[in-house]
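Should a chain be cited, it is by its letter among A, B, C and D, assigned in written order, with residues numbered from 1 in that chain.
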Amino acid sequence: MAELTTLKEAVEYLIHDGDTVAMEGFTHLIPQAAGHEVMRAGKRDLVAVRMTPDLIYDQLIGMGCVRKLVFSWGGNPGVGSLHRFRDAVENGWPSALEIEERSHADLANAYVAGASGLPFAVLRGYVGCDLPKHGAPIKSVTCPFTGEALAAVPAVRPDVAVIHAQHADRKGNVLMWGIVGVQKEAVLAAKRAIVTVEEIVEALQPGANAVVLPHWVIDAVCLVPGGCHPSYAQGYSRRDNVFYKAWEPISRERERFSEWMERHVLSTENFADYRRSVAAEQVQEAAGA
Amino acid sequence: MAELTTLKEAVEYLIHDGDTVAMEGFTHLIPQAAGHEVMRAGKRDLVAVRMTPDLIYDQLIGMGCVRKLVFSWGGNPGVGSLHRFRDAVENGWPSALEIEERSHADLANAYVAGASGLPFAVLRGYVGCDLPKHGAPIKSVTCPFTGEALAAVPAVRPDVAVIHAQHADRKGNVLMWGIVGVQKEAVLAAKRAIVTVEEIVEALQPGANAVVLPHWVIDAVCLVPGGCHPSYAQGYSRRDNVFYKAWEPISRERERFSEWMERHVLSTENFADYRRSVAAEQVQEAAGA
Amino acid sequence: MMTVAAARLLENGAICFVGIGLPSAAANLARATHAPEVVLIYESGPIGTKPEVLPLSIGDGELAETADTVVSTPEIFRYYLQGGRIDVGFLGAAQLDRFGNINTTVIGDYAAPRVRLPGAGGAPEIAACAGEVLIILRQSPRALVERLDFITSAGHLEGGDWRARAGLPGKGPTAVITDLGILRPEPGTQELVLTSVHPGATRSEAEAATGWPLRIAADCGETPAPRPHELAALRDLHERTARAHSAA
Amino acid sequence: MMTVAAARLLENGAICFVGIGLPSAAANLARATHAPEVVLIYESGPIGTKPEVLPLSIGDGELAETADTVVSTPEIFRYYLQGGRIDVGFLGAAQLDRFGNINTTVIGDYAAPRVRLPGAGGAPEIAACAGEVLIILRQSPRALVERLDFITSAGHLEGGDWRARAGLPGKGPTAVITDLGILRPEPGTQELVLTSVHPGATRSEAEAATGWPLRIAADCGETPAPRPHELAALRDLHERTARAHSAA
């Protein structure tokens, strides 16, 4: 049953060290503020599931919060590599990172299976692909009617799902629209759910391709306007492509990354504070340039 | 690729004797006009799939169009029995009717599997239930990860899906809202699709819980206002509960049923004509009473 | 009384998967009285629906118009029911046996039935997956039978720990509400025993209206009489419903 | 030339599942020129999207705002891709072998990679299920290799009738468009051979830029030069894109 609360409280009470956490959002509505709050709270040993790790998991990994990553596409979209992810995989910095690498179709189906209370999903996938040879937990199942062999993949059932949405009402019913990715499935597959939102509204007014999550499948709703930056919220903001590009040099070297995270994330109180901190630095740099 | 056409042409060219046909609509948006057109065209030996056969299949069965019925709940909702269905099952009139009886959860999953290009679906179902002993094609599958035994059911992959929706645009993109049932899955599971609509609009404007089916998954779009009567179209009409109750005495006896169908369905040109015919009789009866 | 007694068993805030007919009446009465926060879900897709009048069918427009959201039928069965999100499944039955197993398929032989009933619908999986199951039906020796002609939806099947051994997620039937009283599974055996008699009915009436030798629980009492506000709410609901459906 | 040549291979009206980057540029160029009715689908969920500018990410807002509809990611992969509704899958690649198999996972050893690439994304199942697959990449001996370090997405795997034997629904790669020319699988062996050389490039350049002994098709010709309207459309697209993304 959803409670309206601060993000700090939600993270403190609902995410525990060692939890399997799915922070979803397919390019759109990525719950970056919640990611920061996990770093501030110093959560450790997380099994982090996400189709596209993106900057949010690059940071979590670089800050040493993650023991194992389950993912299907690990890049900085339109820019290049996720350097903190690569440094962890290639050099074990800041700590060893176990990876379980799957495909988009697999993880999408695995969330569906999780939401459906099934232990596994069946798909036409992985034929000829090397991933099953390298730790992807893919098995085979035979259709009892046709004899066809199909891929079987384990369901994803996170302890906690974390998403960002446009609206919630005061009861905690949540509304999102635009590219909705696997967020509905992630929430319904999870034991607990945290949703940050752009706005609390009196009544939800679902429009085109809207997804409504009833308040009783959600544990915490937290008002965090712009909480998905540098990703975007349709109707509220645009994707900050400049920040995605800026992340490349910030994340490339360990020292600069750590300094940046320390200054802007760990030393700030919340996401609004963080964004002021980053903006102030940009002004400073512009003045210095 | 959707063509705007008459319902008569659509049925003639897209439904063939012996086809597996799924006419879906869960209480709402039942494609009754299309059902009548199939009877007028004298289609035979159909394998008719529908979760809730309702009046539409009671009529198709009574008119001898159906060889086999696949279903999960066969009643006149809120009223009682489907007499033509029962007469066919119990007495083989007007011809023997093979039945394949499943559960709602099964058929819903079976359509999902069909739409997903899978030969079967997995569900937690049928434990302790006698249906598998009586022709329901239920098998078991073991989760390769947990060892759990789950029910496996064959996908539904109709030759033709037939649905009714509120709107289409001129390209044949289709929009429906309200209770949307399994119609999306039925269309995407089928090789061909016919959609009757309340209205052709310039541009679709999807609202709450709208489903949009792109024009290229549909073969024929036919303008048939009120084509789901006695079911209803949210935003256009209300469920005609009086007609559902009136169906009870009409359908109870073979002779009265056959006369009624002959007079109102077979002797009329199209659905508008049919509705005028039924309305005229009601006026007559009211005058006589 | 049956509807009132059934309504009372639904807790405020419970997530309830509602069958059409008697269960729907009881669930909506609960919502109109002590359980305004109950979340009603119908298999046609409406979630958190708040109908002013009782629906005649499982997919009346009223259900969609007053819902928090409407999802597809597959989603209701997959994500909500099978996903373990339902606290209470509220079912009717044509026939019931002493272990709460339900028949809604056929009376007589399946291939040559004496009476062909509508069939399974959503019931087998509601009975399997809901956290617990409430069953509401009128009592008669033809309804509460020694042996079902057909098991559509499993209750406690053979009794005892059968459900746990079969790996079913939900607890199964926890109460059967009839026009004469309330039956509950006896801990251990899971056999339905009479635990409460409605005012005006007697234990022997209940026994006579049961097709198996009905046992009476040691602590069997009388169901508290309907209170004025319950009766008023039920009357209002039925009046609104009658008006709406005759106007259609 | 690479983008123009790739765009030309997309038929008007085709249902195309588009990868980000070069495939997206080519598909949108096709839409701006000879194929206004092409239906573009991105794995993030937009169907029939008509972006004015090229998206930087697979889920830019522009894609949702200009789409006929947006569905969930599971629905895209389950109902549309796996459901057999896609005519053409349009993919990029980091490494490619002679049978059109793709590596987008690692260069070097998986456990201790020399270069860690982003990984599979949607490609393995697009390569498996799309009616046919077009691949676009820049040619070099490090990109077109004798042996992949990792097979992410199967083309014709070991060649010959491997796909049919493996039961894959789609035809697999039918063309590889590079900056130097077009390679197509030779009927029978399914080995990629050079079937067209772009104006300004030569056969020997193409051979030198290929890590296996590239064979030249008997009927290998020259790719028709880009026409003015193609170049204009491509320039417009890139200009609009640059303006939009720098303004962000």
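Things worth noting here:
The criterion applied here is as follows: contacts are C-beta pairs under 8 Å (C-beta built on N, C-alpha and C of every residue); 3 or more make two chains touch, one makes a residue touch a chain.
Keep in mind it's a predicted model, so treat the numbers as computed, not measured.
Averaging Cα atoms per chain gives one point for each, and the point farthest from that of chain C is the centre of D. When the interfaces B-D and B-C are ranked by how many C-beta pairs touch across them, B-C comes first.
Averaging Cα coordinates per chain places chain A and chain B 41 Å apart. Chain centres here are Cα means. That of chain A falls 28 Å from that of chain D.
Residue positions of chain A with contacts to 2 or more other chains are 112, 117-118, 123-124, 148, 184-185, 206, 208-209, 212. Residue positions 69, 78, 82, 129, 169 of chain D are each in touch with at least two other chains.
Taken together, the chains touch in the following pairs: A-B, A-C, A-D, B-C, B-D.
Residue ranges of chain B in contact with chain D, taken from their complex: 1, 112, 115-118, 173, 184-185, 188-189, 206, 212, 214, 216-217. Those residues of chain B lying in contact with chain A across their complex are 117-120, 122-124, 137, 139-141, 143-146, 148, 150, 152, 154, 205-210, 212.
Put simply, chain D touches chain A in their complex at residues 20-21, 43-46, 55-61, 63-65, 69-74, 76-78, 81-82, 101, 105, 110-113, 116-125, 128-129, 150-154, 157, 162, 166-169, 245, 248. Taken in their complex, chain B has these residues touching chain C: 26-28, 51-52, 71-75, 77-78, 81, 85-86, 89-90, 101-105, 108-109, 111-112, 123-131, 134, 148-149, 178-182, 184-185, 208-209, 211, 232, 234, 238-242, 244.
Here chain C touches chain A in the complex through residues 13, 15, 39, 47-48, 68-69, 78-79, 82-85, 129, 169, going by the rule given at the top.
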